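Letters A, B, C, D and E name the chains as they come in the text, with residue numbers starting at 1 for each one.
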């Protein structure tokens, strides 16, 4: 998880604004999808040639350019040139370990977020960087790899369902953010189920593996929190932005997605609290069990050690041991032993050890 | 408790403002109660047909529309249309896992809170969403299921007791919030009794079940805190609101309910501190008991193991063991053993183990 | 301690501003003391009839009305009517579990604080609510039961010692707050002695009772902190208040009592830190002692168990055991045992277990 | 350490501004030193008669009056009268448990700080109150006992080294604060050495005394932090003060001493973190050692207890036990025992217990 | 690590602004490098004579003076004199334990940061102080020892790659800060690898050394955090500075390096969280293993102690013990013993101890 941060060091010493991809290469080829629409018109184009999307820049309609794959410095550089993006922003787009932030550059707003997905096989939450450029009549989105999170939105634009076709690029940007945040709920649901499964396991049959799983899950929560927490500021920054790029009418939508973000953070906190409580319970159940083990050992040992001593005494080979010759000596001593044992048991019961 | 949050994921991919009920369906049918009053007049109507309450919108009198059940998208949608409520607000009303918040929409103010109730059988605190729409001459309240928390207020309006009939819809909204907050005290009283019962159990007879109950209660406190904490900001937001919908004269009442909210939060914090202290006490009582068990084992074992060894020595079958033939050998060795035992006891007493 | 909060629920469902006493009834009868003074004149009156103090309202002199007992709704209501106090304020006066707060009502300022006293027999800190109403030429103070905390102030007014007779009602209000805060130092001194006594006990002879006492004291610190902490804001609010009721010249006095409050909070924090450290020390002393017990057991057992085994071997009844017939077999085996024991002791000494 | 706070209660009930010394009496007699200087002139006078320093008040030169001993109400009162100091300030000077604070009184600024010294014999950090009054052309400093912390400054004034003779009383006040803060570094160095010594002891030979010393040192850090932390606000308050008493040119010096204060706080925090880490290490080393002890016990016991059982079996006196008559029975059983022991050892080695 | 802070005490008593080197002397001789450039020209000079760099002060081109070694008071003093640097700033440059800060002095801005390097042999992160003076047309950088962190920047200036030759001294200052911050990523990568190696060691084979290494690494994280955390404020201060020395165009670059700083802090926090989790895991693995050891001991002891007792009984030498004479007594008793053992094993299996 923290691996990406390492790779960051590859850039030390280079001039700022150098376009070098930092992170895992997740897509083979860069794929570009252009959707151009207004209330009446709709047009879509898929391409690998970056120049095909530049004509749309001039149209008055809303243009959404989606770029899958950020490893190709040439493609990113060309887009930056065409749309007038600052080289530091381009560098951020290609450095895939950014924490969520928002940068108002006057002509356009740059937003970076983390998209989460659950890798079922590795049982791990993976994270991908999504960058948005919101301009006067366009939105450019950059994903590390193509995902299907934006598909319902594409469908809504195509069919003209909902508000999206009637509103501007700021609403489109909101819709993209909303799609990312809505996706967090899916991840949380998944993690929530694991938390609950672990909890049941903890009560029915706590093992070392349970402990390890709790630790793993707890660390994932920390990671999640780090991915989502700064988004809060980003969205509240967008809502309060004095930029002309964001219309007043879109404000309430940003407030809405802000509420969802807080809800996500709240849920993460709840899971963290639950996991901490589970760790405490595990530890106290371990010490409880140790206590129980100790009690059994103590009861057995404290009953039989004295009795064994008594038996040892009458196993001595002294010539003159009067008891050995008594008619009822053996049975007498058995009775004495029984009495000692029973008294011990009473003592333990009074001490509530049994 | 955290279950509702999960269900939230059902909406991922849908356009914002989609009216889909998220949460448990708690009422069979939507029930609407309209109370229309001013200082002189009082009128009440119960209905299932949502359109019957629209005429009241035009009257200058205060109109309180209470809706029990938020699962029916049609009813909520109709009300929204008639009173001009934004579709995002309607979505929030139907998504029953909101955290308390306040949204000033200009023409009306939207408030959402959590109503708590104690389910005696499941020994669990349940939580229900209450939404309020405060307009120029009306208040609409939405509950997931009908409850009796607002009954005393209804009675006060009917009989004209107290201030409520003399004041406007902002005072009505305050009264509804006050009823919800007052209800928290009942829940807290219940929980407080459980905390104290647990505490006594902890001192008299701490068992594993006690530990589990403390953990459960502690988690419930966390949940409660999450439900109440944001309400603080909501009410202080209402008090400081620059909206015309809230008159100056109502300010002191909001300040009063604000104080109550803080008191609720304070009490929750106190219980949390108490529960944390109880956890510590449980753990240290476990380790104390372990210590005690160990001491008994050690005393018995360290006294008898050496004695058994001595007996073992004189149980050996060597041909030539002079002591075995002595006249007082047996009694002498018994005396030696007794001396060793007594010395050991003295040692333990000096070490304060007995 | 938290009991009062419970009783609060009795009011759920009543209209706000209802005058119902919430809390323990601490005084039998309401006792009213009126002191009326300026630089030249001094007059004092004790009464049970509330109406006798109303004439003083009109006089230009400073009037201090002290009410002992807040359970009688009629008395409180009458005073409220006469001095024009808002019903919500009257409700707060009678609800004796308020957290400290300050409410500037324009014509008067309402202050509520907690007075602490140490109940020697129950070894518990008790808390009582003190309410102040600061008007243009009067101060009304409400106590749950009569206490002697204000006596030195009364004496100072009577004899004209100090500044009090030369200054206005705001200085009187300050003096009352100062008396309450000064009293906290007495309570803290008492608690500080208990903390130190516990600390010595912890070092000399830690027992389970010590642990329990630390927990009890720790909880009392939490309670104290909750009582004092909000007072800080109250006093700083008074100092910064833009009300005409508080003259500039009194500002420095409020700043002074503010410093004292912070000092009280600081001391409470110090004691809490000390108690936390003591808990840690207790736990580590328990585990230290367990360690020591374990070592003794281990030393005894690991020395004698092998020796007992050797004795057991030569206690077997095999027909053919050559050693048994040897002339020095017995003494030889004793020497072997001694050697084993001594080697073991060396091993333990090298391991620093002895 | 917390003792002074207690004594505070002696004043409860007295009018504010009462001049009563609260704290330990550290000096026998009050000693007053007056230094009067400007760029050209320098004059110094030591006296016990307070009135001798009043003439300097009128001179245009900078006058530094240093008072050692604050227990004599008459002396303090006389100075207050002469220089027009508010009685609450005088009270603060005599109450030697103030937390650092700054009070801008218009005509003069009052500053109170804590001077620390290390008592080598009691191995304890002691704390003394230093008060400063910064007036238009004078500085009055009050110490509980004479110390040598200000000596280098006196020397610098006398010889005219550095800037001090060229600048006004605000620079003198700064120099006094700087001397106090510089002295903290000496104390910290001392404590730092103890922390490091303890750390080495912890690694080489952790004993109960080590634990106790860590606790003592940790508490001293808490105490230090409380003494230094508020000073930060005091100095930043002086820097930002809008008073005419502090010239713009002195601002950078206050900023410098502010940085030093933060550095002191940082170092204290570092030591606290180190001590917390050491506590954790101590506890885990205790539990590690317990683990080791347990393993030795377990290994010895689990090897020899079964063997002793076998020996016990063949020590039974049954008439008919065929093995006893076998020619190689004895050696056979010895071989069996050896085999069991060796197998056990293998098992433990595989379990990594040896 | 904390050693430098100690040495600080050497200065107590000296007048502020005294030029005395505080810290380890890391370079033998002071080495000065001057680089003078604008878009067209480039000139570089290495010297030990401080006066050679003064002529550059007057040129309109950007001058970067790099000073390696801050122990020579004369050199630093001469530079200060020539460029008009305040003596307190010079003192800060020579006192090599400053926490990062920024001081806007009007004519120039002073910035101090910590440069980190990893000492492979001592396996420790070392820290060095880097001071920057940003003037109208010059930047002076002070390092304790010459490092190669600025080499790529020097190369970029020489070859004219990137933006640096086209921009002013503020961009140069930014580039220096950026080089320092980029270097942190290298350090973090190194530490990250150690964290991960420790984690694997913890899972595969946890030993006492692992625990110690975790503690050491944890403390290094605390130290790192202290070095980096204040830099955040420094850079945000530069970005928001109203000084003419920083042009608007450089703002976005400072924002960029600010983001990097936050990323560094985030990563440090992540590592700290991981290390804390690892400590918890270590402790619970120790207590788990103890539990396991206890179980083995208990199983062996509770099975064999009763059996040994039985054998002891029939080893007694009473004259009259009927069982001893029975034909199948011996085998019967062996069968009884076997049954007891098997029952015990069943009991343990049911208790899940095996």
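Criterion: contacts are C-beta pairs under 8 Å (C-beta built on N, C-alpha and C of every residue); 3 or more make two chains touch, one makes a residue touch a chain.
Note that the structure is a prediction, hence the values are computed from the model and not measured.
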Indicate whether more than half of the residue numbers at the chain B-chain C interface occur in both copies; give same if so and different if not. different
One copy, chain B, sits on the other, chain D, after a C-alpha rotation whose size in degrees, in steps of 5, is 145
Any idea how many Å lie between the Cα centroids of chain C and chain E? 42
Whole-Å gap between the CA centroids of chain A and chain D: 42
In whole angstrom, how far does the Cα centroid of chain A sit from the Cα centroid of chain B? 26
Shared-contact residues (touching 2 or more other chains) in chain B: 287, 290, 294, 297, 301, 305, 308, 312, 315-317, 321
Ring, read from chain C with chain D next in line, is C, D, E, A, B
Inside the complex, what are the residues of chain C that reach chain D? 151-153, 156, 161-164, 175, 178-179, 182-183, 185-186, 188-189, 192-193, 252-253, 255-256, 259, 262-263, 266-267, 270-271, 273-274, 277, 280-281, 284-285, 287-288, 290-291, 294-295, 297-298, 301-302, 305-306, 308-309, 312-313, 315-321, 353
Name, in rising order, each residue of chain C that touches chain B in their complex. 2, 5-6, 8-9, 11-17, 86, 88, 92, 97-99, 101, 103, 105, 208, 211-212, 215, 218-219, 222-223, 226, 279, 282-283, 286-287, 289-290, 293-294, 296-297, 300-301, 304-305, 307-308, 311-312, 314-317, 321, 323-330, 333-334
